[in-house]
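I'd like to ask you about the structure that follows.
Naming follows writing order (A, B, C, D, E and F), and every chain is counted from residue 1.
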């Protein structure tokens, strides 16, 4: 039995609020249960130096947690003077995933900067971030089309993400914090709206896992992501 | 005429939402018009090293802006590896102001860490932050009293803050961004609920200002803060 | 009674030594009693990137304390790898104040970099720094006029600064260290030679202060600055 | 056809040289073809602060590339003043993988620090590093048993790693640099000597990949790792 | 002919002003011609961690240049966030040299921190710094003896330093800036008051130098240092 | 008697292995007994900004120690976020020494970056590094001549280095770690192949040394370097 009485395959309620803040071209508050992440997409002209003159765009992402988004206060990374390895790992994952969803040639020499800031954390912040950032990205691309900056839509497909894991011996979907911190295996999966894999990162926190367990986790992820994509589509329509 | 059609003495609508996030002992979303700041107060046992064994507490504050809280995206300070001078100046002001409101002996060897994170910026983020942080502080102190950690309430008085300035030659209260960036003089005032001064910081951005102008600005600030304190009290009751 | 037997309104002796070092275009040792600050003004062609091509100049300032300018040795900021919040706050104040004294259009696309380094500290280092830096600035501007780089004098007026505060319940002028560390209220005021206000920063270190106390402090500051400006003028003539 | 004429399932020759340097308790040079990584395991008494007094040990890892281990020279991270996101991601992976192989209770309050330094890079440095580090870890544990510091062997199983990917549309094993930089999908797999999964990290660099492709990649990885474990065992016997 | 009309063996006038600032236990302004360095010696109880409990003391040094001590302004190291390699090299040299002059057992578990800050630079700042720092060190040791903290004088001997070099083919003593920047060979020598060698650092900036040239340089250094030691002794008497 | 039974004048066996790694234009493993340093020379087009357009080249060097090259593990400088003073001192020495060996005009606007990474340390890492780096430099210059990038050989002469010191009262050559850490005086000497001096750095770790002792040390160094140059020449032929 899960702490929240969910069935193993059941994700938390996912809420997507667009235009959550005023300035960004895309601004989304995404909630996976009690996990709340503000995702903004900033459309900027120009590309990083290593891409200049190649006629293609770039998508990059940064991630942060507000110091008291967590149970006990975390040190502010800006005060500490550097981002943790975990932060860098997550923002690299978000950026990589979103780049897979965009046709860089159609984006032209423009950059979209994604910022994912965790307002409240209860497990699954990186998968919520990817899910919300994709919607913010869509809004920013539409903004650019509305302005006439882009002629064609560079979006190849929607992407969404969910965490799965083995908790008390059983594969479950969309782990909340108490599950996550006790899980033997933890896996984050990013898929396209048609169920193809963008990224899969599975870790044996406790015991190594078998091929069969991996298969069960993948099945749960596929199902969970399908539902989350439906929520994205509803929010965007 | 002000861009928002306000009268010179008129503050923007101030909204204070308590328990905005789940984990912090005090968590307040404060809004001064379109300026939105999340203020959390974390109650922690123990004090910094320089205070150990002196039987008194400490209040400190940190401030940050989400990268896309502003019109164009600002660099993330955590990624840049250091906090700007402006950030440090503001968080020092917030901490100093709140320390004035707390009896450190009654707080005992405990620390309250204030985090003010700007979700959306439209001028006056530091005065909004002080105003919201004071309410979060009250909540954190009440939490500690509820837990039996504190016997007596260490709060000496409520404090609130507002910006005033000279815009197109006329003294006005609670400047929004377009006013702030064009103001000749900009002043931030922090006062107690009874109108005594905690902090006054006035700067001639353009022309030096006269004693008379200073008097007008102080008058506006006093009036504006009185109203803001009323909003704090309503939110706390 | 003040530790130094001064009357409440009495500033310490102010000494201004020009051409204290050889290389800088302006180089001033300013002494407020036992507080000694070396202020240099470096005239550099060009402006920071954000001002390029706008036909105007820039004035900026940096501040530091020699490690043993204080009673007990302070850590060297260069060794520690960053400037403290206090340092940044002070150098921002110095830069802002001096910019108010210069017509940036007349300065053309040139930059004046002010360096204020505290050789010996006994309270009031920032007000001494502003006072001395203004004289170094004048010397640097005159140097540039002598070289034919500037046609007209961009100086709008002299500025000077003094600290005032409430010490043992009484308003006093130009606090030395033992007064400063025991003061209930501490205020730094920067004014033009004609008594207009450039900057006012007042802080209740202990008890909040009243409007009347603020008025007394302002009066003291105005009087103190008037005398200090006389010393500047004497040094420059 | 692969650039090196290998069959899709064929790994490069793996060489493991123990006692490559003199000082470390475990010191291994591991070669996957032209990729050469020096892996040392340092046995240190004590544990990091967050583990003190819990009667268990810790394993951690750091990773670096010599500046000219690559085709064109990379900036030295020590000179640049920070480790890249990629470096942190890799060293976190190495540490996490090796921790899965050690019974922390049996290790007692001791720490093993793994250092993986790439001498020459030709793709697959992280999988080579994990493979070599495991052998160095075994040597360090045996050293501690020889010294009587450890009574029982804390090693749970050997682990090894290999990269797999889709190159020119075909799944292949153990990608060298030219394959890696052109691969559509890249996956790193860490397994135990009995084929259970420790870590799986798959990324669609180009096109998203299907479930079937994932299955093929896993099959290749399982086979490749089995051979690499044989080489580890031979080196250790 | 030297730019200053000095003979090859002639040092610049050396001036040593003790008690130049008020707070430090030893405070010396040393001048080698136009090179002016403020050297303070701070006497602190306790030793760095690596020496604790060994019954011996420590002497360490830090060095800095005021930004406008030089012809054109140098970036402030505190603002830049790190000390240059040159700075570190020099402060290591100063510390090492002074440690050679002190009996660490007699110093007991106390630390003397030397700060050498260049007020005005005209070549030879490191040798001036060592020379002045030695006098400041003597004053700090005498202060501690006066306070009864030290029973015996830990000073083994005075030390002093001078630069020598080959300029336009001829060995000269105590190079000023224009000589230094054109010298083929540059050597800094630190000696005891009896002419024994503490440190010798010679560098061929242009052409390699011969054994005979080294001998000439050493001879000049020995002679120059003898005179400088006389100035130290006069200042101390 | 030396720990290794060497005579006072006897260097350790010196081994020079060229083409130790594949990518660098020059790649040398140099061994002085148990001290092993990997030296690479990277030939890069262009020069640092301060040299642009002057028609001359540049040689620079970086130095590092693998964390477990030493008896007990050293902290990784990249993780620590900065290079130590010792590291900077050594890499400045290496760069300066090699620049003396190259005609910068003949090098044209090209840069050679030397990387010296200590694989295993047993004293004398900086002198081994200079010796090995010189051979790597020669290889890189020959590579550039082979490619037709350089018409003439910019090498002026070979350089090599050795450490000498006073150990148990007696001058000895090429100190290994146990000798080095007990030496009263430690001196590093860099010479050309014809015995002219490039750099001499002598330090009294314990007692100051006399002119006569300096002479003995220089004699040992000259003899030791002569032999090491022979080994360089043999390796290069």
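Convention: contacts are C-beta pairs under 8 Å (C-beta built on N, C-alpha and C of every residue); 3 or more make two chains touch, one makes a residue touch a chain.
Chain by chain, the UniProt names read as follows: A, B, C, D, E, F = Ribonuclease PH.
Keep in mind that what you see is a predicted model, and the values were worked out from it rather than measured.
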> Which chains contact both subunit B (Ribonuclease PH) and subunit D (Ribonuclease PH)?
Replying inline: A
> For A-B, which listed pair, E-F, A-D or D-F, repeats its interface with over half of the contact pairs the same?
Replying inline: D-F
>> Centre to centre, using CA atoms, which chain is the farthest one from subunit C (Ribonuclease PH)?
In response: D
>> Give me the C-alpha superposition rotation for subunit D (Ribonuclease PH) onto subunit E (Ribonuclease PH), in degrees, nearest 5.
In response: 120
>> Roughly how far is subunit A (Ribonuclease PH) from subunit F (Ribonuclease PH), centre to centre by C-alpha average, rounded to an integer in Å?
In response: 50
> Any idea how many Å lie between the Cα centroids of subunit C (Ribonuclease PH) and subunit E (Ribonuclease PH)?
Replying inline: 33
> Which subunit B (Ribonuclease PH) residues sit where two or more other chains touch them?
Replying inline: 81-82
> In which sequence are the chains arranged about the ring, given a start at subunit E (Ribonuclease PH) and a first step to subunit F (Ribonuclease PH)?
Replying inline: E, F, D, A, B, C
> subunit D (Ribonuclease PH) touches which residues of subunit F (Ribonuclease PH) in the complex?
Replying inline: 21-24, 27, 34, 36, 38, 40, 42, 44, 62, 64, 66-73, 76-83, 87, 113, 115, 117, 119-121
>> Touching residues of subunit A (Ribonuclease PH) toward subunit D (Ribonuclease PH) in the complex: what are they?
In response: 82, 85-86, 88-89, 91-92, 96, 100, 187, 191-192, 196-204, 207-211, 214, 218
